[in-house]
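We just call them A, B, C and D in the order they show up, numbering each chain from 1.
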Amino acid sequence: MGVSKFLISRALNMVLVLFATIFITIAIVGPTMDTILKRSIEIEVKASILQSKEVMIAFKDPKDLENYIQLQVRNAIESLGLNEPWYSPRRLWTVIWKLITLDLGQSYYLRSYSGSGNVREIILEALPRTILLFTTATILNSIIGILLGVIIARKSGSIIDKFASTFAVVSNSFPLWWVGMIMIIIFAYTFKLFPARATPLIPPSDPNYPLALIHHMILPLITLILIGFGGWTYVVRNIMIGVLQEDYITVAVAKGTPERKILYGHALRSAAPPIITMIALSSSGSLGGAIITEAVFDWPGIGRLYWNAVSVLDIPVIIGLTYITTIVFLISVFIADILYSVFDPRVKVG
Amino acid sequence: MLWYLAGCIVSNSLGSILLSVKGLRKWFPIRRGFLDFITMQPIRYIKAVDKIDFNIKKGEVFVLAGESGCGKTTTARLILRSIEPDEGSVIFNGMNVCNLRGEELKRFRRLVQTVFQDPYSSLNPRLSVFDILLEPLIIHNIRETNSERKEIVYKAMEEVKLTPIENFEHRYPHMLSGGQRQRLAIARSLILKPKLIIADEPVSMLDLSIRAEILDLMISLRDKYGITYLYITHDLSTARYIGDTIAIMYLGKIVEMGICEEVLSNPLHPYTQALIDAVLEPNPNNRFKEKKVRIIGEIPSPIDIPNGCRLNPRCPYVMEKCKLIEPPFIEFKPSHYVACHLLID
Amino acid sequence: MGEIYNLIGLLSSFKAFWDEYKRYKIGILGIFLLIILIIISISAVILIPIDTFKQWHNPAYWTRYPKAALPSWINYFTNTKLPEHLILKEPLVMKSESGVIQIFNHIYTIQFNYDTFPDDFIFNYLIKYKGSPPLFELSIIRPDGDRLLLIITTLPPKPFNLEAYTFNGSIYSTDRVIRSNVAHYLSERIGESISIMDIAPQFVIFSEKPFKLDSKVLKGTYTFNATFYTFDKDDQLLTSELIIGGKVFGILGTDELRRDLLIGILWGTPVALFIGLSVATLAVFVGIVYGIVSGYYGKRLDEIMMRINDIIYSLPALPFLIILAISFGRNILLVVLYLTVFGWVGIAKVARSMALQIKTLAYIEAIELIGASKWRVMLKHIMPQITPYALASIALSVPSAILAEAGLSFLGLGDPTLPTWGQILHDAQLYGAAARGLWWWIIPPGVMIAITGLTFVFIGIAMDTVLNPRMRKI
Amino acid sequence: MVDLKVENLTTYFFTRRGVVKAVDNVSFNLKDESWGIAGESGCGKTTLGLSLLRLIPPPGRIVKGSIILGGEDLLAMDEQTFKNKIRWRKISMIFQSAMNALNPVYPIGYQLAEPLIYHYGFSKNEALNLVKDALKEVKLNPSLIYRYPHELSGGMKQRVVIAMALILKPEIVIADEPTTALDLIVQSQIINLIKRLKWESKISFILMTHDLSMISEIADKVAIMYAGKLVELGPSEQLYNDPKHPYTQSLLAAIPRLRGEKKKLIFIPGSPPDLIDPPLGCRFHPRCTHALPICKEKEPPITHLNDAMVSCWLYSE
């Protein structure tokens, strides 16, 4: 099977997974969503009726009024299709169609900085900030990890290797967000080098906002790297040690290929496919994990948005975010596949 | 009791046909991706075994020889019904193996046993020698009491000279040498008193110095219990050492078949001839001359099988006809069959 | 293929495995830590009454404890000795009678050698009386011999409907009477009248003379004397308790909600071990069975099963955990279930690939051709080979389960009936502990999470090194 | 004039389980001829080959001995000199499995060009042109330089690996089981290729294999290795027609023949020893049918018989 065929089949697979994910999300939040929606419609309808005096006057008997309200509520529910269960084809199709067209609806409570309640706008406002922080961290981590991993793989068993491996294992065992709290104690409380909250105090419209954002980003970034690069180094080291045991490395040594060329050419090139996959997966995987980290640093990205949405149960925002996160994840998987086929000439998946 | 009697019957009726393979065919479809399915790509096949016929007589060693990928192992699997054929039949002892179900199939499994190439992976590493030999008895529910079963196991161990028994019965496979493992594998195949043992390259992974031991063991068991062997190999020298009848396979077809000694000393098919040329002999004079290599290149993939005679792109004697028509399988001399256009006219 | 076979051979007995395992220092260290964690868990369960941990989320239970107090060992490292929070329950008891009057004395003697003043003090008592309400007097004798009468009062009368009245009284240092008495004492000493509104009794009582704003603490022995005069022979002073509010408390200090962090940390251990081990075991079990069935049966079933696996793998785990916790509840067993749902996927993949490898080994075909059923092959000939791997992956899955649970708890989605390390950190975050520098509230839970994780990582790495010949040096 | 003198070469692996005595006091002398080193699996052939290239992976180490090529002791050289002057330039190697000896992510042309680039400083394009010639020499189409290893058949890969070993025109080429995993007919093709190279380019091959028949196709002199030791060595004719050591005799009698009279094969009972704890005295004695009491106690000395040398008590006084 050729590369293009391989990629097309991966793309089809991606779409399939995406739909399954949406379905599962709806299935989990669907029932909750329905009750909440119905209740809020009821309140809305009641409020609008009780506010308008003309309607009130028209009814003499409170029973009639009650019946009228019930009727209006039922109409409203029916017009939204809420009388059918969440799994009815019509409603599923509406939701899926809306998701495909990226029409993520209106939020219940949350608003964007500009005051808009459009879910897509709210998410698109937060997404770049998360990408700014976490993608930068992933890129820096992978660079440090690859360089360091290659060096210690060559000296596997040495003191520096043991030290680095231990650091990797130990640093990976601490919760990232906990380290974040410690970093705040050290650098924001004790030494007062960085602000404790990562959200800049000036409004986003201010021209200095991007600069302020970067200043506030330094502490979370340092934390992400401190905790992250060890793991990267360790994984790269392990892959490299495996590759360095291959016969073709011995052959390269025998041929007189300089060591640098062996490490960064032969070995790293062969180790590239899994490493590339790892970069792609972890740069998107971090979006999901961002929730807690952003909560600790109060970083105004999608993680904190997700957290806010969950705290007030803003279901449209939750679904929208889950959807966007999954899309980003799947796209990275797809990119990883493409890169894999670029770096590994053997790629042939049946 | 039946299994015991069966052995006696066999020894009395040497020469009659035990296993008959007729028009056996197995094409493996190549897995199509989702995309191939949509674009209506035709299904392509690996033509592993493409209509072969042969008979194995009771008590003989029938050799199926050929290079890797020629379909010999697939043939064995078809006979064992480890995979289902697309076409053709396998008649064993009067029953059509392809139609067996349930208890009948289980009985068949008891009568036909296998010995594999790799003595390292063909034994469950978690079981001791004793347990490995006990396993078939448990599966087939042979003899009720433990002491009776123990007796059978010990007897099998003695048979293959895994003695003294107390030294071996509690060992695990990794504590045995390659030769001992292969003897254990033979003991396991023997324990159900089979009529046919299919041995797939049983010595090719063993060191030279112990190969003869295994081959001799196999022959002695044949003489003692009248067991029939289907011996699968790429090594014509051991084939000659142990075989009675030989069939040479190339790309899913049998190209030549006959008495072992006859085929190997008077090969008729160019492929057989080339194979025999290629066999190495320990002779210091060889180093002064080039080896004769009659056919060129390497075996093509069994997906893209050439039209006509399958050997035609590599054959030194190729004729126009060879590229168009598949040669029939004829009895060129008494009991010596061959499929080659050169011999038809 | 050969590798996996050798591996299985190597591990054919537990002893062989252990001989190999114990060569790895890291593995020994892991087991050592595990034993410590188990000891902590057992002692937590035995030593700390279950009531205590059930009260974890009940603020009323913790009122006698200080607010956000540092751990008491901090005094060894600083020049200024901070007062320890004292909860004294064993006074010197004296009892005398004169006629119908009984006099109960509870005398607390404390050495107060700290450099800063206590926060406050509280005196609690429990008295039972039948007759006229008893008279109560609380006084203090300072190291310089001054005696201060803090309060003298009559207890409330016995309700008519009761035969005997058990009265639970509390005297706070902030009580108006005390402030007034102390103000009186102070104005006598400095010759100025003091408004009782300006008085914080502890700053006077524990201060050096002359009483100035920057006066230091008067170090020495303080005697609190509580005297009760009762008027019936059956009247009894049951218990009393003197709390000197300090700035340091216990081994780990307290949090903003006055909870003793030591209790939270100790009780967190068995909870974390339970969650970690049960999630890991369940996930590995499900993953292995799933993987073996998928790998061994192969073909279409495998295809379907692996697609399902892919889908779960692609779900963003934490968002979904949050959704699940909100939609279905956050009982500890449910949390275990949620974490399992996301935990088995990777293991199933590995188990499947191992099953596929083992399936290609000739002995599987051999046993099939002898006539063994599919179940027999899976249970007797595939499963045991994967078991050692399963044990290693259980060990390696524990840390991620613990981290995930801690994360959920940190977001406030943990089981609200249990103290967990994640929840302690959640509260710390809620009260801005990091930005306020309350390090003792943050460091121990994180360190415990890491140590517990490391324990299993160490064990897992050692097992994995034994099991994975490629990583092992000859 | 090639003159390789290996004396008392000893290579051990220092493992956790103990010291694996993979190559123990091996001596031979190669002069403008091809050698075959025969031995069963695990006898130390590959380690011997890697020792000659000083490529023993840790925890292995050359413990003692000397390898003298053209008067220079290769083991006394510093690594840089050895790398620049000897390895691949004078001694190269055809590695055991062609599949694993080629890096899957580089086109084969580049892999063949590397020695030219790093030893002689050719530019990549110049080197690739020379590679094309080298491919022609092993009967491969020069256009293959842009192909990746997985696109070639087994026989082609084997030819590529041979071309790689020859690219710097070395004096000595070590071939470690050069035809394992190849089909019979392809094996003959490769043997013919090696023969032609030997005749035309005057390269001395050191062929290491378990297959005595294959050695007879190429080697002028043969050494038989058992459990890390050389037990017998001598000219081909001598060794095949009149083997001295009981091990050699048994090995030859264990080979099934396709031609000539059908003889009963013999086998050697038992299995080769563990090299961590080899038997005292002669390492072959537990499997030897001619074993004398002294064989269990003292290692046999080397006895010269005509052109051959044998290490066996049967031939020594």
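The rule is simple: a contact is a pair of C-beta atoms (placed from the backbone, for glycine too) under 8 Å apart; a residue touches a chain by one contact, two chains touch by 3 or more.
None of these values were measured; they are calculated from a predicted model.
The chain occupying the central position, as judged from C-alpha centroids, is A. In terms of C-beta pairs in contact, the better-connected of the chain pairs A-D and B-D is B-D. Separating the CA-averaged centres of chain A and chain D is a span of 56 Å. Annotation: 32 Å between the Cα-based centres of chain A and chain C. Chain B and chain C have Cα centroids lying 68 Å from one another. For chain C, the set of residues touching two or more other chains reads 473.
The touching residues of chain B, counted against chain D in their complex, run 67-68, 177-180, 207-213, 215-216, 234-238, 240-241, 261, 264, 274-284, 286-287, 290-293, 295, 298-299.
Touching chain A in their complex are the following residues of chain C: 307, 310-311, 314-320, 322-324, 326-327, 399, 403, 406-407, 410-411, 425, 428-429, 433-437, 439, 442-443, 445-446, 449-451, 453-454, 457-458, 461, 470-471, 473.
Here chain C touches chain B in the complex through residues 1-2, 5-6, 8-10, 12, 361-363, 365-372, 376, 381, 384-385, going by the rule given at the top. Chain D makes touch with chain A in their complex at residues 50, 53, 55, 57, 83-84, 87-89, 92-93, 95-97, 100-106, 114-115, 118-119, 148, 150, 164. Put simply, chain A touches chain C in their complex at residues 13, 16-17, 20-21, 24-25, 28-29, 31-32, 157, 169-170, 172-175, 177-182, 184-185, 188-190, 196-197, 238, 241-242, 245, 285, 287-289, 291-292, 295-296, 306-307, 310, 313, 318, 321-322, 325-326, 329-330, 333.
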